Amino acid sequence: MWYKIQRKIAPYVFIFPGVLFYLMVTFIPAIIGVGLSFTNWSIITPKFRWVGLRNYERLLTDDLFKTSLINTFRYAVWLIPGVIIVSLLLALLLNTKVRGITFFRTIYYLPMVTPIAVASVIWMWIYDRRTGILNYIIGLFGLAPRNWLNDIKTALGSIVVMGIWLAVGGNMIIYLAALQGISRSYYEAAEIDGAGYWQRLRFITLPLLKPTTLFIVITTTMGALRAFAQMNIMTQGGPLNSTTTIVFYIFQAAFTDLRMGYAAAMSVVLFLITLVLTFIDWKFLGKGVNYDAE
Amino acid sequence: MLNNQQIDHSTGRRHVARAKILTVLTYVALVSIGVIMLIPFLWMVLGSFKTVREVMQFPPTFIPKDPTLANYKEVFSRLPFAHYYLNTIITSVIPTVITVLTASMAGFGFAKYRFAGRNFIFWLILATMMIPYPVTIVPLYVMAYRAGLVNTYTGLIIVSLSSAFGIFMMRQFCLTIPDDLLDAARIDGSSEFGIFFKIITPLTKPALATLTIFTFTGNWNAYMWPLLMVNTDRLRTLSLAIPLFNGQYASFPNLVYAASTMAVLPVILLFVFNQRYFTEGIAMSGLKE
Amino acid sequence: MKLTKRSFLLVITLIAVFALNSLAFAETLVHWQHHSPARNEMVEKFAREFEALNPGVKIEFESIPLSDYYTKLLPAIAAGSGPDVFQLRAGDVPRYRNYGVIQELKIDHAQALEDFVPGSYGYLIENEKFYGLPTDVQTIVLFYNTEIFEELGITEVPTTWDELIETALLIKDVEDGVMYRMGLAHGNYGPAILTLMAQTGTEFQDAKGKTLFNNPQGKEGFKFAVDWITEYGVEDPNFGSRWTAFREGELGMVFAHPAMLGSFRNSHPDLPIGIAEVPAYTEGGTRTNIMTNWAYVTSSGTKNADLASRWIEFLTSKEAQRKWTIETGELPSRIALIEDPELLEHEPLLAAPLASLESAIPYPFEALSQMDKAVRDAISKVIIAGETVDQAFDWLGKEAEKVYKEVILDEL
């Protein structure tokens, strides 16, 4: 009897502190944030008017909003696969019996701790038109130098590469933790059956990594859709808005233009987009994952 | 018989040769990516030993021509750095310990139980994670101010006692643990809490180590919230202090590099000392079937 | 009995001391401003001086990095936890006044109108009443490298646009299409471009936000800025930071704020710098340039409005501004300091920056950061996107009206 009651109560006890502490500081501000999208609030005054759907109507005719949406999608489309492939590859490489795994793991972690303002300085130098290392390298192949960050065609791509650099280390560590968790008995059994490396990868490793991949895809998607820091430091959304992402625009609207209501409306749209994409990821990648408790 | 052995021998040799090439290729890949990962960090560390003139020189130098420790002296003499360390430790360690506990418990709860409202609550958490902070941070600040939490340690800590990222991650890791294992423990008379602490926690050590380091790094580098909450030197954290070496017109990248290097050091040390837990997962804890 | 009486007295004395003490610190002013290391130390010193002059007053000073200044200020104002005295960009003052966030200063307004440089308070007054006093004043001046001038035998610093381009072409060093030294640079910086436009005598915007600069004069100024890059090739956007180039002797002349002097000196103490007022449009014309500045304002919620006004006056007094200019290189806003012998003795190069105050006009748009971006984008439209000067200039005119509607009028 006690056993049954305990099992009924246990999950609520387990989730309670984590859920409470999280929602306590996010739920009400999020609801207020949604509410603000129906006002013309300017942050600095307690007065505001309800304006109904006017902020949303304006979004439809705002070219910069359209541009920033497209930029955000382009950023995400390049960044997400890049991050997943490179971090998985690194984790697989490190999960072999190489020496110095500890050393490499530490090195790969460094981008996560290097302050982004400092890292940006170095990336700006890498992309520098005159003495940047990138132009030096492509020069070896006979290609003409470019002004990477000041060119509408290359600015966003340059920032994507930096974004991958920034995100790979962390996700590699998560993959590695998952790989370390896979029981060796699976591999031993497969080896006895004569399965080669690729077969083991395809039929054992990747399927068992599915929950981790789902997690990484969803969190990377959320991160990509909210990209802001590099644009803010390196390009200020330029040249000619070619790196203006939606959160960059939201930030400008809220804190520079004092149009918090409008910023909130953009945030709600971004929220809905993120929700839909996450749901698709979930349905698509969540399939076939071994959810014992379902 | 003899024939067979010979064949085995030759394929074995070919195997060894192939393995060697693979190892070399692996190292080439690991090292070249490692260099890309390392250079910006190294740049910062080396820059902290350069003079202001050298650090602003063009084209830039990589190795300091005339290494100096003056930047470190200056950083320490200009700001109460030791005190900032203490503040940062307080506002990082406490939330990290609590978050790792609350997030792993919640992750386990979501992964291994069926209960009313499970999916709703879980998606609620994911959904609140998706609203960009420029819009939520102002209402949150106003709430914190009304609660009298501005300029307090509590105010700094309270926003990071749990994390959606952590709950989600721990949920995914707990999913991979077979239910049979939990049922076996229940048959042996273990309570649900016993299961969490005696089975889940040891089995998810790599994930817990990962979550610890992520949460710690996040709290250590936290900028936006402390920026709003702190109006006094008494509570200032390292990340708030670093930009203070720059002004609108005068910038001192050398001092910023020195301050950043010192600020980052504890995180790296924690990461290095944390290493052994990353590999101590299922594979090593005796779970073979 | 005696003992209790004594202890009673003691308690009374203690209470009195505490009461006096708390009374003594009843008046606390919270002061926020954006950060620079040199300024930080100085304001701390001023605060201690002010406290000594006004017993019982305490100044709590908080210095915030410029890039995060508004991010911190705005939520604090929203919550009502904001500072008593703080800085705003001059162009922001009218909007904050309309929103009721700041209040009229309690000072001698007629005196202030006479004491301060007119360009610095255009946005700060309403019906001749001050809502803030000017600080952090910047004009646009011409920095040049005296060594390069000597090397090339240039003896006259250019005073007209024609001479400017002539000199820049002399300095420019291009071989086989590769730039080795730039002649002149504006870096697409808003106040620099607007300076060129202002020199042709154009107006910029009327009181209702209608664009007035969309005329041949305005276009000529804009076109001249573009021509530096396209027509004369004295500036090259691919050359990297103009500040780095100037530091390394790879740039002859640059339009800049006077405060850059301190920045150059700080990293390259032996850099041979000369400073002149910006050249005029034509021979004998005025050296019109664009002034940007900040203002010290008091929050409407402050309990000590009088004290706050006195502190602001103290911070902008003649003595304080003199020290300020010496320590930070930011210009004073008091007319009395324009020909101050002490300042010139300390730094002879300040002569041109101080003189430039007299021909400076305030930044012509309230929404400074938005319009700086618009100006930069307009130039980029020609340089990067290959549009014609006419197209880009027309766009700039429309963008200025759009910014006014969205940001200043907050129209939906």
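For clarity, chains are labelled A, B and C in written order, and residue numbers in each chain start from 1.
The working rule: contacts are C-beta pairs under 8 Å (C-beta built on N, C-alpha and C of every residue); 3 or more make two chains touch, one makes a residue touch a chain.
On a predicted model such as this, the values are computed, not experimentally measured, just so you know.
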Worksheet item: Going only through chains that touch each other, what is the minimum step count from subunit A to subunit C?
Response: 1
Discussion item. If I count C-beta pairs in contact for every pair of chains, which pair wins?
Written reply: A-B
Worksheet, complete the sentence: Per the C-alpha means, the centres of subunit A and subunit C lie apart by a whole-Å value of 38
Discussion item. Averaging over Cα atoms per chain, report the distance between subunit B and subunit C in Å.
Written reply: 40
Practice prompt. Please work out the Cα centroid separation of subunit A and subunit B, and write it as a whole number of Å.
Written response: 15
Fill in: Multi-chain contact sites of subunit B, meaning residues that touch two or more partners
58, 137-138, 243
Worksheet, complete the sentence: Each of the following residues of subunit C touches two or more other chains, namely 71, 74-75, 78, 240
Practice prompt. For subunit A, write out the residues touching at least two other chains, lowest number first.
Written response: 43, 130-131, 255
Worksheet item: Which residues, counting only subunit C, touch subunit A once they are in their complex?
Response: 70-71, 74-75, 77-78, 95-96, 99-101, 237-240, 367, 369-370, 373, 376-377, 380-381, 384-385, 406-407, 410, 412
Response to the item:
Within the complex, subunit B is touched by subunit A residues 3, 6-8, 10-15, 17-23, 25-30, 32-34, 36, 43, 90, 93-94, 96, 98, 102, 104-115, 117-119, 121-123, 125, 130-131, 165, 168-170, 173-174, 176-178, 180-185, 208, 211-212, 214-215, 218-219, 222, 226, 247, 250-251, 254-255, 260, 263-264, 267-268, 270-271, 274-275, 278, 289-294
Response to the item:
So, in the complex, the side of subunit A touching subunit C is made of residues 40, 42-46, 51, 54-55, 58, 128-131, 147, 150-152, 236, 238-241, 255-259, 262
Response to the item:
Given the complex, residues on subunit B that touch subunit A span 23, 26-27, 29-30, 33-34, 36-41, 43-44, 58-60, 98, 101-103, 105-115, 118, 121, 124-132, 134-140, 143, 158-159, 161-169, 172-173, 175-176, 178-179, 186, 191-193, 196, 203-204, 206-207, 209-210, 213-214, 217, 221, 239, 242-243, 253, 256-257, 260, 263-264, 267-268, 271-272, 275, 278-279, 281-283, 287-289
Practice prompt. Using the touch definition up top, name the residues of subunit B that touch subunit C in the complex.
Written response: 52-53, 56-58, 78, 137-138, 141-142, 145-146, 150, 224, 227-228, 231-232, 243-252
